[in-house]
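Note that subunit A is present in both complexes that follow, paired respectively with subunit B and with subunit C.
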Partner chain A sequence: MIPGVDGFMYPNEVELQWSLLIVLYPYITGLVAGAFILASLERVFKVEAVRPTYRLALLTALAFLLVAPLPLQLHLGHPERSLEMYLTPHRSSAMAMFGFVYLWYLTVVLLVEVWLEYRADIVRAAQTSQGLKRLVYKALTLGSENVSPRSRAIDDKVGYIVTVIGIPSAFLLHGYVGFIFGSVKANPWWSTPLMPIVFLFSAMVSGIAAVLALYMVSMKVKKTPIDMRCVDTIARYLFYTFIIDFTLEMLDLIHRTYEADESFRSLDFMVHTKLFASQVVLQIFMGTLLPLILLALTQLVKLTAGKRKAIYASVCPMILVGIFAMRWNVVVGGQLFSKSFLGYTSYKLQFATREGLLPAVGLMVLPFVIFLVLVKLLPPWEEKPAAGGQSSAFSAAARN
Partner chain B sequence: MDITRRDLFAAGGKLLILASVGATLEQITGAAPPSEAYQAAEHWWGMIIDIDKCIGCGNCVRACSNENKVPKGYFRTWVERYEVNEGTHPEEVQPHVESPEGGINGFPPSTREDLKSFFVPKLCNHCAESPCVQVCPVGATFISPDGVVLVDQNYCLGCRYCIQACPYGCRYLHPETNTADKCTLCYHRITKGLTTACCENCPTGARLLVDFKNPKDPVHELLRANKLQVLKPYMATRAKVFYKDLDGSVR
Partner chain C sequence: MRQFLRDSGHLIRPAVILLAGLGIFLAVRTAFIPKAFGEYGHYDPAALERIRARSVSYAGQDQCVLCHDEQAKARAAGKHAHVACEACHGPQASHALADDPSAHKPPLPDVANLCRRCHEKDAAKPKGFPQVVTAEHSGGALCNTCHQPHNPHL
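Right after this comes the complex of A and B.
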C-alpha cells in the first residue's frame, strides 16, 4: 500500500501536479475580473450609487492583477523559460494564450483606465508636491499636463471606450481561465463547457465581495461613515450575481448526478469523503447557502442600517473563503481521483517549500501590500476635503 | 598603407560572402544524411500487446527503467493486474486492480480463485491526436514524423498541463530535470533498427513494436486476423498501442 492512496491509482498519478499555487491563480484572476466588472457598473451602466467604490475597485483589480502571474511563475519547473510562451506560443494550447490575454488586460485595459481616471489628480500632485514625490508624479503624468475641461472630456470619452472594451476583456480573462480546466477531456471533474461560465460568475461574486469588504474596512480605518446607498446597491448586485453562480453550479451538480456516467461513482465518493469538508461544508453550506440566505434577508426584510452592515461584514469573508474553497475543489479535487476511477490519492500540503503554504500566504498578502501602496500613491477618495471635493466635482463635471 | 572606405567595403563584402558560403556548405553537408541513415518519414511506430501472453513478470518495467534511467517511483511503462468477477455480483461491481511499484518486481500470487485474472502492460499510447501535445503551451512536446510522442527537455517549461491532459497517466515530472517525461518508445534504439527495451526483454513476446508504414511488418497480418482494441477509445486520441484480447473492464 502506498501511503495516502486508497484503491488503485495509475502509478504516475499518486503525486499531485498542480498545487496550492495553481489554486491561487484562478482565485486571484477571479478577484481581478470581479472587481473590474463592479467598477464598470458605475462607468458604463451608470449605476451612480456605487461611485464611492469605483476607484477602489480599479485599484483592487490592478493590485491583484499584478500578482496574478506570480503563482504560475513560481510553479513552473523552469521559470526561466516562461518567456517562450510569448516568443513561441503553441497555437493549439489553451494555456499558451495566457500571456497575451494577461498583457492585453493589464496594459490595454486596466493601466489605461486607471491612468485616465487619475490623470487630473496626478497632474495636480505633480504641481503641488515636492522632491521625490514630485518626480514620481511627474513621471506618472507621462508628459501630459493638460487638464483643461476639453482634455478631461476626451479622457472621459476614451476611458468610457476602454471600459466598454474592458468588460468583455474581463470576461475573457476569467472565462479563459475556466477554459484551461474545462477543456481537459481526460478529466471528468473539469471537463464541462459550463466551467468558463461558472468561473466567470464565481469571479464576479468574489470580486464584488472583495471590493465591498475593502470599502467597509477602508471607511472603518478612515473613520468615515459608510455610504449605505452604495453598500446596499453593491450587496444587491452581489446577491443577484451569486444566485446565477449558485444556479450554474447546481445545474452542473444535478446534471452530473442525473447522467451518472462512468466517472460518477468515483467523483460522488470523493465529494462525500476527501472533499467533504472543503466542498460540502466550506463551499456549499458556509460559502454559498449561508451567505445567500443572509443576503436574501437584506433584500426581503426591512433591517436597520447597523444590521445590514453587520450582515455585509460577515457575508463578505464567508464568500471569499467559499470561492477560495471552490477553486481548491476544482484544482485539487480534480487530481485526487484516479483517471481509472478506481482509487484516490491525497494532497500533502507542504509548508516552506517553493509550492508550499508559506509562499502561498505571501502571494495572498502581496496584493494587499500593493493595494496599500496604490492607495497611498493614487488616493481613491478625497484626502483633504477642500482639494478633493474640487477634484471629484471636476471629474463628475467632465463625465456629465 | 591607407585603407580607403572602398577597400573596407570590398574586404567586408568578401568576408561576408565567404562566411555565408561556408555556412551554407556546412548546412548542406550537415543536412544531407548518408543514404543508409534512418528516414523518419518512412516509419509510423506503434505497439501490439497480447494480454493473454503477459505473465506479469515485470521484465519490461525493469528493462525500461534501466535503459532509460527512469527515476524511482515513476514509470514509463508499468504492468497492472486486474481481478474481475463475473460482473453480476451485486456488491462487487468494480474490478480489483493493483500495480505494486508498477509491477517492477512482478506480482505476489493471487489469493482469489473465483476471479478472472490477467495482466495489462501500459505505456504511452503515442496517440496520433495526442491531448498532451495539443495542450503544451510552447510546443515542447510533439509528434515526430515517425509517430512518436516526444518531449524536448531543453524547451519544456515544466507547467505540467500535458500530465493533466493525458487520459492514461503516462506522464510525470522528472524530479531532476523538472520537465515532463514519458516513454520515448526507446527512440534512441528504434532509429538504429533495434526494438524497444521492453519488447526486447519480454520473455513471452507479449509486447511487439510495430511499424505501420512497413508493408512487411507483421502488424498488418495481426490487425487483419485479430480483434484488437485501444484503451479508452471514447477519448478519440487515435492511440497506437493496440491490445489483443483486452477485457472490457480495463481502464
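Right after this comes the complex of A and C.
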C-alpha cells in the first residue's frame, strides 16, 4: 500500500497539490483586509476611540499586502511568469482578474491613503532631517511641501473618499480568496457560496486581532501606557465580528449536517480523525469558543484594566492561531479525502524545501520586518507637536 | 478657486505617478504582447512554430524495430505489445537517428524502479491489472531476474 493513504484514493489525489504556502496566502490577505477594515472604523465610521491604532492598522495592512503574493509565487515557481497575468489576462479566470484587484488595492487605495495620512509628517521630516534620510523623505513628499490647514483639510476629504472606495476593495480582496475555494464545485469541502463570506468575516477577525496585538506589544516596547478606551473599543468590535463569523461557520456546519449529502459521512469521518486536532481542538475550541467566552466576559462583567489587558493579550494569539487553523483546515482538509469518499491521504509537511516549513516561517516573519521598517520610516505614534511646527496629530485634528 | 487649486495641487502628483504607471504598463503591454496573440485562442500563434522548430527527442517505434528485430518480436508476442520501446528506454532520437548509433548507446533502464512505476500495487488500479507489493514480492531480487522485460511471462 502507499504510505499515508487509507482506503481508496484516485492516483491524482494521493499527493496534495496545494501546500502550506497556499494556507499562508489567504491568512496573509485576511490580515490585510481585517487591518484595513479596522482603519476604516476611525476614518469612515468615525469611531474616535480607535484613533491610536489607525496608522498602525494602515501600516500593518501595507506590510502584509506587500508579502501577500509571495507565497503564490513561491508555490508556482517561475515568478517572472506572473507578469503574464497582467499582460495577457484571461477574462474568464478569477485568479487573473484578482491580479488587478491586488494592484488597485495596493496603489490606488493603500499607498494613496498612507501618503495622504502621513503627508504632514513626511514634509516635516524632509525639512528637519539630514543626509540620506532627508532625500528619502524629500522623494516621499513628491515635490510638494504645502501642508497648509486648507490643503490638509482637502487631504482629509480625499482620504475619506479613498477609504470609502477601499472598504469594498478590501472586501473584494478577501472575498475573492473565499470565492476561489467556494467555486471548486468538484470539492464538497469547499464548494459553498458561504465560503467568500466566511473568509471575509474571519479575515476581519484575524486583522483586528493582529492590530490589537501589535498595538499592545508596541506600547509595551515603547513603555507607554495602553489607551484602555481604544483597546476596549477594538475588543468590542472584535467580539461582534467574531460572533458573526462564528455564526456563519456554524450555519455552514449545520447546513452540511442537515443536508447530509453523499460527501457528509466522509467529511464527518475526516473531522473526527485526521482534522480533529486542527479543526476541533485548535480552530473551534482554542481558536473560537475560548476567545469568544473570554471576550464575552470583558463585555458582561466589570473587570479591572489589568485583567482586561491580560484577556486581550491572551485572546489575540488564540484567535490568530485559530484563524490560521481555519485556513489550514480549508486548504489542506479539502485535499485529504478522495472524490470516491472511500479514502484519505496525508499531508507530510517538509522542512527546508521550496514549499516547506522554513520558507513559510520566512514568509510569516517578512511582513513584520517590513512593518518595522515602515514604523521606523513613518512612525504611527502621535508625537507631541514641536513649537510652531506641524503636529503628526494634525491630520486627526483636522478631521474634527 | 485659485486658492483651492493651489491647496489641492499636491494631489496632482500621485495622480500623475499613477497615470504614468498606467502609461508604462500599457506601453509594456503593447511591446510584449505578440501581434497575432489570440488569433486561434488565448495564446501566441507563433508558439506553434517555435515548438515545431525544437529538435526531436523521440525516434518512434518504427525506427527501433528496424534494427532491434529480436526484441521487437518478443514484445509483439507478449503483454507489453502496446508499450512503446521509448516508454521504458527513454527518448532515443539521438541514438536512432545518429549516423553511428553505437556511438550513442543508451544506458540500460533502472529495473529496480522502472517496473514498479506501473506494477506497484495500488487500490485505484483496475483489479485485472498485474500489480504486486514489490517489497514483498521478490525479496529484493530485480524483476528481470525472473521476468523477461520485453515479454514479461516467467
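In the analysis below, the second predicted complex is superposed on the first by the 386 of 400 C-alpha atoms of A that agree within 3 Å, B and C clash if a C-alpha of one lies under 4 Å from a C-alpha of the other, contacts with A are read in each partner's own complex, and residues count from 1 in each chain.
To be clear about the criterion, a residue touches a chain if its C-beta (ideal position, glycine included) is under 8 Å from a C-beta of that chain, and two chains touch if they have at least 3 such contacts.
Note that the coordinates shown come from a computational prediction; the quantities given were computed from them, not determined experimentally.
After overlaying the two complexes on the shared chain, residue contacts for A:S129 are found with neither subunit B nor subunit C.
Of the two partner chains, subunit C is the only one touched by A:L142; subunit B is not. By the touch criterion defined above, A:V158 lies against subunit C but remains apart from subunit B after alignment on the C-alpha atoms of chain A.
Of the two partner chains placed by superposition, only subunit C is touched by A:R150; subunit B is not. In the superposition on chain A, A:A186 makes contact with subunit B only, not with subunit C. When both complexes are overlaid on chain A, the residue A:S346 reaches neither subunit B nor subunit C. By the document's definition of touching, both partners, subunit B and subunit C, reach A:Y10. Residue contacts after overlaying the shared chain place A:T88 against subunit B and subunit C alike. Contact with subunit C, but none with subunit B, is seen for A:V108 once the two complexes are overlaid on the shared chain.
Of the two partners, subunit B and subunit C, it is B that touches more residues of subunit A. On subunit A, the surface touched by subunit B in one complex and the surface touched by subunit C in the other have residues 8-11, 88, 90 in common. Within the complex formed with subunit C, the residues of subunit A that make contact are 1-2, 7-11, 86-88, 90, 107-108, 111-112, 115, 119, 142-144, 146, 148, 150-151, 154-155, 158, 343.
Put simply, subunit A touches subunit B in their complex at residues 8-13, 15, 17-18, 72, 75-78, 81-82, 84-85, 88-90, 92-96, 98, 180, 184-187, 265, 334-335, 338-342. Of all the residues in subunit B, the ones that touch subunit A in their complex are 73-75, 78, 80, 94-99, 101-102, 122, 131, 133-139, 155-161, 163-173, 177-179, 235, 251.
Of all residues in subunit C, only 3-4, 6-11, 13-14, 17-18, 21, 25, 28-29, 32-33, 37, 42, 121-124, 133 touch subunit A in the complex they form.
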